[in-house]
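After this come two complexes, each holding chain A, first together with chain B and then together with chain C.
And then the complex of A and B:
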């Protein structure tokens, strides 16, 4: 049996590893868009701050991939899935056949319609490539603007603070608020960040960005003008499923899966940040973004692809231990 | 990752601009003072679809071989490029076309064969080429732009050379090619992180590039080559092409004859008149020339035969490398027929060595077989030749007035050299024949005459030793591992010795352009200073090792490499280390 896994993030690689460990006879090909070995996304800020080396960043090295017997193809992207013929087509028009397929393409940061026209001036802080590019330019950065309420922005704030950069943080809320449910840290994070000397702009949002020679000028809704060296912003996170045809593999915001993580098409599974699964409490389909969930779903999908019947139990995953230590500790302790 | 040297290979089929691309990279790098070596490998079939590769290795320091492995593969033809992945170094990069219009099966896709320890870069070469040039022909230039960005090289070095070479085709061609380059560069700048760097020394002077065949033709012309006769054969044809273009400008002649026998005959005829002449061929041609080669020995008329070796026997492997013609060069032909055999080891040797060949041939009235090879002849590299131009150069031993009073063309002399009067010169006339002859040149089959004449013909080679270029000992003087080799293999050995030295194994190399005769004292002295002798050569039999074993009291470790690709420095180093362990 030949299994193709689209996506070499934690969901895809966990599934690949699970399949091979469950049944070594299964031929597994993993296709990853990023040009790297599988890495710990949650360690990127430590990597930015030179607090760890390459070997700590990657959770699978070449030898381990070889031992697992996975055909690992990095730096390649899929442009179409043909469920009827059980084929996928890569960006460069290579056609691969599969018996079973797992879509584990994760999610991505997304700019809303207001900021999208300025995307060429706005940096993303999500992938290893983003961080490598940022590292290369750190010397020319004195000041940065960060906008958005996602946890990775909290991470970015910590990183840039540790690197001695001046920071202006913009939030559309009336105080600094990150999704730190059930965490005490959430209660006093606004003051905490303020005490670190970070400029905070509340109840506002960037609406216009212009390039001024080596600098950028950010205009906000409330007509503030901020000159800066680099801007990081994102409005929300979206599943990476552009290559799937909506009429064949059923999707809403993400790819819809059942509790076995199988899609509307037999032998095609999905796991991780690209999936939507029915939440009985919410009574709606729901995406459970995040590393721990992706890892768990990857393992379940892998087992099911290999012939088992394992169900994914709906639960929310909250983790305040990114980078192996509590969120607060990574920059203030 | 910072690189001190890089090796980039372009792979495709005819029409993909493989050679053009590699020459742009090579000349651009040479133009800023980098040391460059280029090797082309192409199929033997005379048709439009054969696969070809061209590899450029460049470095901040001198390169002696094509090294081990390639850092960047540019696959302009997907299927044909798959095999080249085996030559990639870990961490290497593969640039492939991501804008193929037709579906590619997984098995035939270059991308699907990229290993996890390499990096694939899908660049829409065809699409960007069409955007820039309205054709697919600029794919190679787009790829160069991509390579330039991915390895952090300055754009100007390539752009300047692109302007220079396309200038004669008009401004539009320059503009479209520059556009193709920029699109490749900008695409990668947008899509890929910059992982590689190649620091450039800004104060280096530009270097010029030359091939072994060009250096050889230039060397011959600079020392008085007046007449070239030949029949085209891969990989020697370039020599004839250069002579056909350049020799008439110097007042000389080049003639393409009906076959190699005629070529050798014409060369012999020219030398009969004292005219410096030569032919160039490859193994199959040398086989045909053996009859005339014997005439050259017997009649003591000089001749120069350049043999740019390729894979054999017979028509063999026309476009592949082998050092398999040593035996025919040394022994081919009837009777006891001594001849000079020389083998240049690098481009400098091609230039200076062929001049020595002319001097020896003319002075000692003997054939000289000059054994170049496909890799040395065709590769192009940065080299600064010290030109030695004297078109009136002559080493002929002419008869004195006293000798002319009773002139013997084949005078029995102590050194074996009979003074040589050429037809048309005043003073005497004589007979020249392929039959055994007496002092006057008249046929004579008496035992004593044959014995004396054979001894005289061999005696010249003892005398010749004083005129031979000195041997060079390279490496650690106190090393106990000695290496002897010949021809272009020497380049890989020099690099292999350095690799081994860094791993703790000292060695030294005896480098000599002379295969026969040799300065036996120098060879013996070298061999006596070593505990182990290694002989590397690119043939199955160990032809050079056999010669050395029969000439010197040595039992070398023989490494026979009947490969079609240049020798790997890493494998040379491996063998040196292995021998060192044996000594311990």
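And then the complex of A and C:
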């Protein structure tokens, strides 16, 4: 049996090794867009702050991948899925056939239509490449603007603060708030950040960006002007599923899956940040962003692809265990 | 088959193969319900001739300024520039607007009256198109309109921030100037009135559109705060809607529902949610409209079914929904125990419109000698589809009153020397439309799209592949030197061992595997970027370029 996995993040790589360990007869190919070996995305801020070296960043090296018998094609991306013929098309038009397919392309930081016209001036903070570029330019950055309410914004705030940069943080909400349910920290985070000397602008959002020689000027909805060296902004996170426009693979915001992580097409599975699943407690469709969930789903999808029947248990409560570590220790010490 | 050749090399053909060539090779034109000569006007724009561009539009679709703003753009999803690996489709619609913005011109026609009279009921897009076509043919046309101003949906159903009033007036005037009489505030309500009109005029066209909302059967529809999409839009457009709104839910996934959310935003609503049975992919509006909604901060609730309207003291307090699951073949099922409520003080149902049934009852108007047109005939559709049907209806009237045998498509094939296109144009990125800043979006009459500048229009027009030019190699004269293949910009010229022609006129070359098999050198019009490199390189001048255009002519008995 030939299995193709699109995406070499934690969901895709976990699924690949699970499949190979469950049934070594199965031929597994992983296609990863980024030109790197699989890395720990949650360590990127430490990496930026020089708190760890390159080798700690990667969780699998070439020998280990070889030993697992995974065919790993990095630096290649998929542009179309053809469920009828069980084929995918790569960006350079190569066509690959599969018996079973796993879509594990994750998510990305997404700019809404207002900021999108300025995307060339706005930096994202998500991939190793983003961080490497940022690291190279750190010396020329004195001040940065950060906008958004995701956990990755908090991560970035901490990183830039630890590097001694001046920060202006903009939020749409009436106080600084990150999705940290059931955490005491969430309640006093506004004060906490303020006490660190970070400028906070509430109830506002950037709407226009101008380039001024080597600086940028951000204009907000309430007509504030902020001059800065670098802008990090994103409105929300979005699954990376643009390549999968096959009508038969149902999507909402993400790819819709059942509790076995199978999509609406038999033999096509999806796992991690790119999936959306109905949650009976929330009474809503739901994307469970984050590393631990992606790892868990990768393992379950891998087992199911290898012929087992494992159900993904939707957890009764939503808890953001931040990448497996207590929040305070991780970022602010 | 009839081929009429003129001295200057122009051929007029009724050959079905030539007609088929247009359908296959000019995807934008064949996707357009009214078959607008799209490459024709885009070429005129890239030559800087906006007046000609406008007139090409005015001839094919009679409402260019309007459609250049609000058309649902079936052409753009067909555009070859958007095919796999070729980038984004050309901004055809915005270019139509540019043609009208910079080239608007009085549309003059010498009309010879034929003494016959036609009455058209309804002054929407289908009525106006029919009026235009009949007036040009010499008919004395009278339009009856139930409201105080003409335009139908264009005037009342589409918000002004997408289609300003003076733009509607501009296109309307251009039609009325042909000698069409407009009578407003006249409502035809029953069959007797229609009958009377039918005896007074030589022909009557019923083009009353779809003004009645489709109803939904859920509890609480009688509560204060529940309204129907078109009623809301008309009320907002005429400043007669005075219900205060804060939290608004719009139910639906089509054009009107999108317009309702954006209008609610301009009328001061704070939280606006669009709820739709299916997902974003199944919404019947263009992606650009969804993006405009997102920019204005409108929320979405997909895969939900409204099951009840919640109320307190007769006032709406929210809508209870159930979540849907999508099964095989897009079948929806409601997920058990998935009820949830979105709070709202206003609920707008925009789930479609239908014709006013009491006018039709069980009568088949067509059998009573009354013509029908547009949405009244076909059910709710789009502006351009209504225009196309108005044209069809006018043709039917003319056929019957003038005693014609019918109509016939004529393909004009005209030799040309140069296309003016170069490979570099393929790399011009899609020009984005400028929009007014979000801070000005609370003004409900202020148009959001500000239009392309002349410079931008020119740049965008250059992107068009000009698919109406046909490149052909005369095999009898070809010496197989391959000079054309040496200079081809993309993989557009092929060595073939055979060409298969199917019954319906599709021509598919079969690629030769080796020199020994080569029977012909063919140009693949699907790949050709109309640059003319091959024509310039050919030593024996065996490659020709011809321009294909389409006209419909009357066939006498």
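Here is the rule we go by: the second predicted complex is superposed on the first by the 321 of 333 C-alpha atoms of A that agree within 3 Å, B and C clash if a C-alpha of one lies under 4 Å from a C-alpha of the other, contacts with A are read in each partner's own complex, and residues count from 1 in each chain.
As a working rule, a contact is a pair of C-beta atoms (placed from the backbone, for glycine too) under 8 Å apart; a residue touches a chain by one contact, two chains touch by 3 or more.
What you see is a predicted model; the values in this text were computed from it and never measured.
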| item | value |
| --- | --- |
| First, second, both or neither for A:112, with chain B first and chain C second | second |
| Which superposed partner A:73 touches (first chain B, second chain C, both, neither) | first |
| Contacts of A:37 with chain B and chain C, given as first, second, both or neither | first |
| Touched partner set for A:252, first chain B, second chain C, both or neither | second |
| Overlap of chain C and chain B interfaces on chain A (superposed complexes) | 93 |
| Residue ranges of chain C touching chain A (in the complex, touch as defined) | 84-85, 279-281, 291-292, 294-295, 302-303, 323, 325-326, 328, 335, 337-340, 432, 437-439 |
| Residues on chain B engaged by chain A in the complex (per definition of touch) | 96-106, 109, 111-112, 114, 116-117, 119-122, 192-195 |
| Contact set on chain A toward chain B in their complex | 35, 37, 62, 65-66, 72-76, 89-97, 129, 132-133, 136 |
| Residue ranges of chain A touching chain C (in the complex, touch as defined) | 79-80, 93, 112-114, 117, 207-208, 221, 247, 250-253, 256, 264, 278, 280, 283-285 |
